[in-house]
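Okay, structure first, notes after.
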């Protein structure tokens, strides 16, 4: 860490900072410039408390020079992590599309959805049994009954399932139903208790980016899971909150090359929740894959106009099929594979 | 709700919208303007699904005209709600300052803090036993031991306690320790499971605004608590996330008059987490009270340079005392009372 | 326009609103719902002042239902506008890459740059003679001398030139130097005097999006140019300002399909200024073209480490060449053409 | 400046950085930590190009340690600058309220406004003759005729005038009309040509913050004016753009203590444009003064419901009077004076 002293810092204040650094087992080195005195702390920077140092008298600024994340970082592991989702690979050269309805409604809807997913050549199915809704008066999901319908419909087509976990108390039932991928939603990205619990498992986890989470906070959230022992983490960019009101969120494609640089773990995007409109999905999906994403989490409904939730963002089975064709071609240009 | 059709919508599409409206028991009324056809839905708008309507063919936009929140709204209750916190009132003409350290560290630190709180004339004490931290490697709070230290130190000075609940599984212990006010932190504002649980109690709840939550989402989060039966809700503005990097968050003072208009419930501000620096606390506190806030949640540490967490944002006991003097004078100008 | 009255609006207040509507030559129609009274204004909504209506007693909200932009809108012109830039087409099926250095430095640098642009198969060249810089102490561009160097270097390779106009007083010299495309920078998007001046010309204009401009404001800025008679407008998305600090801006790819829907004019992206780092350029460029952009404005420097300005965001000639190959392949998948 | 090398930087790359530093006349000092090699550049950091250094091979990050602004900084001048506006002081202990209508409409409206301003005890009058409007089809101001009406009405009451300059070509007429304070609007904060021109004068300048300008960019914009020789600069916070849609902008009160720390120049706020609604003005005004602002720029209209522009944000003469009473009392608590 680099500690910049204010222009009128006294010798005593410099001494104070050096003592705090030594207390933590690091070494301090003072260098006086023409305008500022700067102290470098040599040793394991993670042992120092950035804010505590900034609160000391005479300190203007403390600057980190080491990344705060560790296990999830590219420095920890140079090669791409390839995750095996019940037989389907994601990461490295392997791109996976994950599709299905926003929420589980009825056995018929799920059967149709599963068939459409399979027919489009998609290997993994999504569906929400528990829905986090802004209003307490909105439909909150079909719950464990929905999870059961989902499992059955997916099993019939041989599809692994991806579903969102909202509450630590639901975890046992999720494991009982052999959920193949646990999704941590945008509102839960910093629900640290939840992260710690899924960190104890081996089940792959999709970690959605918080609505206004920085790249660094997102990586640190993943570090919570990784620190528990579960390294099967997939990042999912789902749009960030900005001043723009025309669309729900702004899909942050820049996050894709940045995460590929900072972490060895796979990165996918959600083109449905980001834009919030079905007619934007194809363009955003292509942009994501072209930018280097390892997959998509895309909503498809057998009959979008009848969906119980987020109806206007789901594409229909035919649109999913043509999307798969375009994406396969783009992947090929980048030397990657979408197996359909 | 008002549904605006696109310029080339067909008669059949207009019929389709009218049918969906009727399905929900509302009445539709079509009016054709010079450029657009507009459909008004008459009846209880909350029964309609905004997004479903927007997904129908020929629809350009669906616009809500009724507020989505109910129990927390000023229309539901015209007069200010005054909440009784173990004998101390907040709301109406009553302003309450809540102070104490960011985190509970040791019995000595808590004893000193409680004394300083009392000496400054502050009636309610804050302290964090469980700390939500960005990094899994940072200090995570002293947990239930900390809660116990807090209860004892506060009891000695006769101060009710305010502390953050992170995990539904902690609730029993919180009730056992007779926590006087449960704080829901910024990262949990949309942890709907947690909101539902505190909604079943009668204990007052401080609901912090999510880092990038809109006013409407915040009111809806409170509605989750209120819908469960607990109407003792205090909103706490704690700074929002913006592009500015000089300070941690931007304290949104405009939220104060806006909430006072939209809801009958008390509104306080957190001048410590918003700016993130002790030297900003007095200015932000004065701004909050001057804008009409019903109170403050302000960090004070007996020795800020030794704090274990967020050291640079806590003021010291002397600063708390002079702040109380200034705030009392400002409150008086507005015809309000801070009892010290 | 739809005017929603507040719950306790009086008959007199409703009358007041109706009078204001009639004053402007529109017709008002009152409809009373179960909770709200709503007034529809029938006629040319653009004649009404939205804010004035909202200021009237008893009015809760006034909602526009017609788009405020006209000439630039897709409703005004259904087909894609194809713009001819000194013989090179952009729009419709035609994609154009525009490349060159951030700033004009020396005749040698410009000669090398022009050659590299040509060699990569790029048809249009960019370069800044006047540079808007955050600091008055930074390099401000080589000015008219630079413009002259640029013209000469580009002429030698037969390349049309694109350069930024900062000051209305520079316009005559720009026309004298036969600048082929005038660029309006992000800081000038709402410099309405500048927009009006370029609106009087026929020279194509690249209108960069303001750093935090909404889609609607951006379209309205273009409307200023179009209203003057110049319909040769190209939108350029260059990243928006958000809370993220890892990268300079967030490239808003969602703006691409949205603009394609709202306007008939071409849309390009700037992958260099958005991310701010050369290593992100290829990924962002691919994302832009895959999302449907009509072109790129991409910085290339013959020797990036020696650039006088924005050094870390320019790619080198070899990188430009391989980028062109990838982009040509992606364009083909979408049924479009980059002629190289 | 501190340059952090990446983990696998070679000796040659370190040498490369040292050479660039030496080229600019500074001295480089290498220190090797346990994880990172760090290079300190000793000498005048402003001579180094931050981005150029970041573009060099092997460099991970370059961090500034000296503030980029100079003349406007508190380090350059310790004491508060007090500016004399045609006999009225602002800065130090002196608070000034500036009031008047959003736009100049008619001689009668201006006469009434000037009288109301004077009657409320306000010493300085605002009014817009040239209006920057989002739409080319909206009212654009009464122009030079309006400026003339403004001058006459203000002269009759002996009030100095504050008005916005949009175009460098208008400057001569502004000087002819003896405009007492030139306002640079939010959209022009980085119109560097305009800043340079007002930098050549001695007339006080109100520099509004750009809609999404950082504190640092804002200070640098002021530095453009100061570098030209005009040190009579007043900062005006007018709300920043965020994700919130309930109100137009978020008044950033934190900017007040921050600017007071960073610069010796006065800081005022605009409570009218920030919230955008008349009913928010009093609360925001009080918050601003309580946070330490040196004044307000507040819209007042003799008959808000008839205003031609921004009608819903102007308060009326009576509201201005009671506001003055409240503000005077708050100022007194802070040991400051509003002379009425």
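Order of writing sets the chain letters: A, B, C and D. Residues in each chain are counted from 1.
One rule holds in what follows: a contact is a pair of C-beta atoms (placed from the backbone, for glycine too) under 8 Å apart; a residue touches a chain by one contact, two chains touch by 3 or more.
Owing to the predicted nature of the structure, the values given are computational and were not obtained by experimental measurement.
Trainee: Starting at subunit B, what is the smallest number of hops through touching chains needed to reach subunit D?
Mentor: 1
Trainee: Measuring between mean CA coordinates, which chain is farthest from subunit A?
Mentor: Chain centre farthest from subunit A's centre: D.
Trainee: Taking each chain's centre as the mean of its CA atoms, how far is subunit C from subunit D in angstrom?
Mentor: Those two chain centres are 26 Å apart.
Trainee: So how far apart, in whole Å, are subunit A and subunit D when each is placed at the average of its C-alpha atoms?
Mentor: From the centre of subunit A to the centre of subunit D is 39 Å.
Trainee: Could you put a whole-Å number on the gap between the CA centroids of subunit A and subunit C?
Mentor: The computed centroid separation for subunit A versus subunit C comes out at 31 Å.
Trainee: Would you give the residues of subunit C that are in contact with at least 2 other chains, written as numbers and ranges?
Mentor: Residues 212, 241-243, 245.
Trainee: Sort out for me which residues of subunit C touch subunit A in the complex.
Mentor: 212, 214-216, 239-240, 242-247, 250-254, 256-258, 261, 274-275, 279-280, 283-284, 286-292, 326, 329-330, 333-334
Trainee: Would you pull the subunit A residues touching subunit B in the complex into a rising list?
Mentor: Those residues of subunit A that touch subunit B are 46, 49, 51-52, 54-57, 68, 132-137, 166-169, 187-188, 190-193, 211-212, 217, 220, 223-224, 227, 241, 278, 304-305, 307-314.
Trainee: Please give the residue numbers of subunit C that touch subunit B in the complex, ascending.
Mentor: 2, 4, 7, 29, 31, 33-36, 38, 40, 42-45, 61, 63, 65-66, 75, 212, 241-243, 245
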